[in-house]
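Some structures are shown below for you to check.
In the two complexes below, chain A is the common chain; its partner is chain B in one and chain C in the other.
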Partner chain A sequence: MPLNTQPTLSQKEFRATAERLRVELAELDGIQGVGMELAMLGYDSIRILGSPGSEPLIFEVDKKANILLKVSCSPSTGPMADCIGVAVRSLIERMEGERREELLLEELGSNWESLDAIYEISADVLRYADVETALERLINRFTSLQEGMRTALFLTRSGRLKPIAGDATDTLDWVDLGGLEKPVGEGRAIVVSHITAETAPTGLAPWAWAQQVAAAPVTARLKVIGFLAAWRNDHNFEFDAPFSRLLEAITHQASMLLESDRLKRTMRENERWAQEIEIASSIQQSLLFGDPPTGLARFDMASFSAASQRIDGDFHDFLRHSNECVDVLVGDVMGKGIAAALLGAATKNQFLRAIASLAIQANTGAPSPEAIVNRAALGVVDQLIQLERFVTLCYARFDVGRSLLEFVDCGHTGILLYRKQTGETTFLRGEDLPIGIMPKFSCQQQSHRMMPGDTYLLFSDGVTETRNPAGDLFGEERLVECVVNWSSLGADILVDQIRKHAAAFGENRPQADDFTCIAVTIRVDEGPPPVAVWHEEFRCDLEELERMRRWMAAAATGVPSGGLGDVGCGQLELACTELFVNCIAHGDTGLCGGPIRMTATVYQNHMNVELRHDGIAFDPLSVPPPSFDGSRDGGFGTYIVFHCADELSYNRVGDTNVISISIIRKH
Partner chain B sequence: MVEDERHIARLLEHVLAKEGYSVKVANTAEQGLEIIEEFAPDALLLDVVLPGISGFDMLKVLRQKTKWKALVVIVLSAQWFNQDDQALIEAGATAQCPKPIAPSKLIRKLRECGVLPIAESASGERE
Partner chain C sequence: MHLTIETMSIEKAGEVSVVLVPGKALDASNSKDFKAGIAPLLTPGAKIVLDLSGLDFVDSSGLGAMVSSLRQISGVGGDLKLCALKKPVRALIELVRMHRVFEIYNTREEALAAFSK
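Our next item is the complex of A and B:
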């Protein structure tokens, strides 16, 4: 029997095996006088019991451990010897089975230990703020799993392999790795045993003198960016398959840590950008969006601007020449982002400079819109062409003193006009090119006669290009509808309604573009003093409706030159009837109940009617528009009033609701 | 140890025996309650998810008996049961050891709870 390898059992284990055999054999019934001797290379043999017989039976207890068992009995042949032979073989098989199970349990235990270590490391490393500490912790924990193991983690930095954690100190090149570089570079784990001259790494590699080294790649976004090596300097040790799997799991952890760190840094960078954009957005609001002038007797002006989530190049401003003359500038720089916003600010600045310099030169009032735009364009056109950008804009002068609108439209959205007196809507557009398209810029001014009651809307393409989830545009038709429906309630309410309708159309998703909307309404000129004022008080009762109508019709006949006209009279009757019925309808709910006091003031070409009634505050302007699909009741009365009256206002005076309407003569 | 997963029970038994502990294994809570009375252990390793009576209920039954009020009970539970930590402590668990159970961790946990292998506790007693 060859016994040519070193023993793998310790003395203690060897003795335990012998004792086990002795006990088991002693328990076999009917076997007595058995001698037993156990021998293992490198140790003294152990005689257990009895005395050796003349012909010993020899068994190998453990081939791997090279243990020989000599069992002797007397006689060494015959049934007793056979019986002992069977018993010993069975015993040896059982012991081998148990030993295999033990090895399996050991491996299982070690796998669980590794698994637990990975779980622990996963939870643990998240606590570390910097990736280097986390990687060091990971490698230290991994190294602690196996006594005598040494490890090194290398990551590529500037084309070289820099030691990050473990037992390495020198920076290496891939060619220094001796046999590891090819498989690891291809993304495979490898175990190199019996390092030969061909596979020997340079002396710099810390495993240069190891018997065996295992390595697995660290990857990031499908690229190998380093590797983890593990080695042992002791002999007769082999990295097994479970160890290779563990090594790969640890390198995956390292890869995840590095990727997580990269994502964290990207996230922080994004947050920083988001903050900068927020700041830029607020700067944009203050730099690029001016506020409409207030306190103008013959104008009603309002603007609404909302920057999209990004920084865009929309801008607008107002310039008040007098109480009767105001310029409005609306523009949009092609493109998005901070560059567009800066160009918007620069363009706006050029306009202010142009106005100032032209005013000084002319010394005779406001320069014309055409001159202003031409001068401002001179200051930016070259830069815009150089930057391959252009600006669309509309510069409009509303001069109620001369009843004149003068404007320059350079490829912008035009001006939407709603003329209350005729019910017509028109888009006023110029034919000039945007600034920045041609090097020699020149524009031509357009003029348009204004009428009392006119509403002008200047807007950015962000309004009409609001999209719903199906991809449909809000478009000009819906915009016109808003202006027709809401202009009688004043510029403020009109721009607010346009915003709400566009937002509802887009299902309140974030805007893709800046949204700018400026409404200018020319108030109805009251002209000379009233020709007549009528007062009357009515009971809050439907029976009074007919008397109110007669009274109103009589008052309307007082308007000179043929009264309000058929259309005007019809609108007056409808509006007053609805308001009157509204008071009665709410009488039961405590909104009204006392008398309805009415005043009709008759002017040269229009008529104002005021209703006063006491009760709970009720603002008809706050009533939502009716639902024409029948999904909601109410709102029809106020809707009719909005459409009939040329102007409508509501005031609360003490406990009294005061509603005023104005109807212009119409033929 | 009350553990219905036989391979886990076998592994832990092996690990603990190697460390010098004497271990008895039961696969159900009912069996566990019987063995405890016979074996009178220093500690109980208890799986939470068991067929029939759960480990959680077994613990409550055990703690109702004056005799076992102070018994060290280490609950073996899967990681995702961690949120029940408080409930387990309230039910009377001394400590908890999440699965997969690292042998070294289990032994450390036993030692932390003052449960030593037979040889060590015997020498401790002699001292």
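Our next item is the complex of A and C:
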């Protein structure tokens, strides 16, 4: 019969069972001198001896069927043998059951103690903010659970295993672990009861001469980053299954401490980083983004910049030479983040230095945009090439005294011009390369005649390259539409509307690129004092429309040198009709009834009309754009006013809507 | 000027009705009258030419009335064309891009000829 290599009970346990069996058989049957011997390990057969000299009864246990088979017995002992057989089977079953119960209780007890110990140790170590102290405390507490046990915690540092806590001093390599290397390296706990030559560690391992060792891996984010080893030198002790689980729980606790520490450090680092970004962002706002000049009679300027990563490579600035001459610089450094911002700052600095040095040399007036860009590029081009970066920029000079726009466009987006007087939109572009592409930089200045009412938009590619979820670009066409629709309401509202429309187009997702938008509107020159001022009151009634238009036409004839012209008169008549009707529409709620008071101020080249009317507040920006496909027949009024007016403002004074519109002479 | 079916001059040229919009302005003060006046003509398959030669001024309300008429008649298989627009009226129609929606002809004859094609 083959030896059962996997007995349910150990040899030691079997001995105890067999002893008990003999005693109980003797008691049960009153048979004196009953003996028993072990035929095979694991109950494969049991020989029960009768009185000395008698034939033995031999039973075999069929363990699968749990049947005790009588194999042989003398005829005289037949009935007795049956009786004994039943008794033996019954006893074996009962004793195995009892044994299983004992083991279960023992294990439950151990687990409870382990859980209790783990809870207590975990609660203890959490009090230590410093991870190394906490780990040392954890290992010390664990070690104190078993007298005679020694432990060591190793963590990987630079590819080697460094002792962190416990009874080890030498740094190890994985090969020093012997039989522990493979299972621990693979993330499994292991108990080695008998260290053999094959599983022996090198002499560096502190358990090299131990009788038994257990180890469990310390992991972080699914990677083994070290292990905890426990060993004993005494022969009469075995690391059992509950201990193995306790060991695993302690290493898990160590893993948690390390991960928690890593997260804390990451969080601190992120906080520190966020603070630095915040500071850098503030620096960028104050240094890289200059504020547009205010209080200039001939200019209405506004800017908006937002970096895609809080701090980025866009920059812009304004330089006021006089009340009638302002330079605008807008640039974009290739790339994002702090490096791009630093390069932006350096480039802008070069421009300021170039302007200063050229102004000192020339000693007469402002240096030309071309000279400024060439000089600034000289100071930065080598560094940009070395860093493999480049800068696109546009440097524009708006000189209303000479009615001239002079600009240099180095690979930037150009300037979008909306000429109110003709309704035309144009992209003004230069042909120069970005700075940092070629070592020898040289640019050429472009010129363009400016007219009152012109709106110029300088912007970064982040505006037109805003994408919606389908991947479509906001594009130049939508940008042009914004400028045409909103420019009459002023530069501030225009850049704000562009920002809102682009954000809505991108469905308010985080922008992928820097977003810079600068609007410059050339205000109508009021010139000398008005030649005439007309006042009139009209009933809040549609019947008054025709009289209002006649009054308006009469006032417009007062504009010297042929009035406002056919186009100008047509725009004035149309815009004022729409505004007048709007006043009546907003008076239906009860506040109306009072007159619509109008003032027409006639200047040399333009006319300003103001309408005052008590009614509910009217926000022209809240009116949705009309449908241009004929599907709706309303919604054109506000659109018509925006497009006819060269300048338009809306104010609310108490309960009164005050709307002012300017129309320039057009033929 | 108040517009009614009586004040609007309607001529028949074959199966086409030519409507001469009276007065000099089509605006918020009379656009409702215009809509009411032209409504009887907006029958299935009707062909209409709006002669705007008398109008010096049209505002958004007047334009809306014309757009509404075009939409109604197109919905019942008819058609409406514009002719003889003065400069300010054409400027308005182009400003709001309605020249892409309306068929516009320089003269009444051209509009009628377009119907016979």
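Throughout what follows, the second predicted complex is superposed on the first by the 393 of 667 C-alpha atoms of A that agree within 3 Å, B and C clash if a C-alpha of one lies under 4 Å from a C-alpha of the other, contacts with A are read in each partner's own complex, and residues count from 1 in each chain.
Note that contacts are C-beta pairs under 8 Å (C-beta built on N, C-alpha and C of every residue); 3 or more make two chains touch, one makes a residue touch a chain.
As the structure is a computational prediction, the values presented were derived from the model and not from experiment.
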| item | value |
| --- | --- |
| Per-residue contact with chain A, leading partner among chain C and chain B | C |
| Partner chain(s) touched by A:E543 [first = chain B, second = chain C, both, neither] | second |
| Touching partner for A:M438 - first (chain B), second (chain C), both, neither | neither |
| First, second, both or neither for A:A504, with chain B first and chain C second | neither |
| First (chain B), second (chain C), both or neither touched by A:Y639 | second |
| First (chain B), second (chain C), both or neither touched by A:V533 | neither |
| First (chain B), second (chain C), both or neither touched by A:Y119 | first |
| Those residues of chain A which chain B touches in one complex and chain C touches in the other | none |
| Complex interface listing, chain A residues touching chain B | 102, 105-106, 108-109, 112-113, 115-117, 119-120 |
| Footprint of chain A on chain C - complex, ascending | 25, 27-29, 57, 59-61, 63-65, 67-68, 70-71, 87-88, 91-92, 95-98, 100-101 |
| Residues of chain A touching chain C in the complex | 542-543, 545-546, 549, 566-567, 570, 573-574, 577-578, 581, 584, 626, 628-634, 636-637, 639-640, 643-644 |
| Interfacial residue positions of chain B with respect to chain A in the complex | 7, 10-11, 14-15, 79, 100-105 |
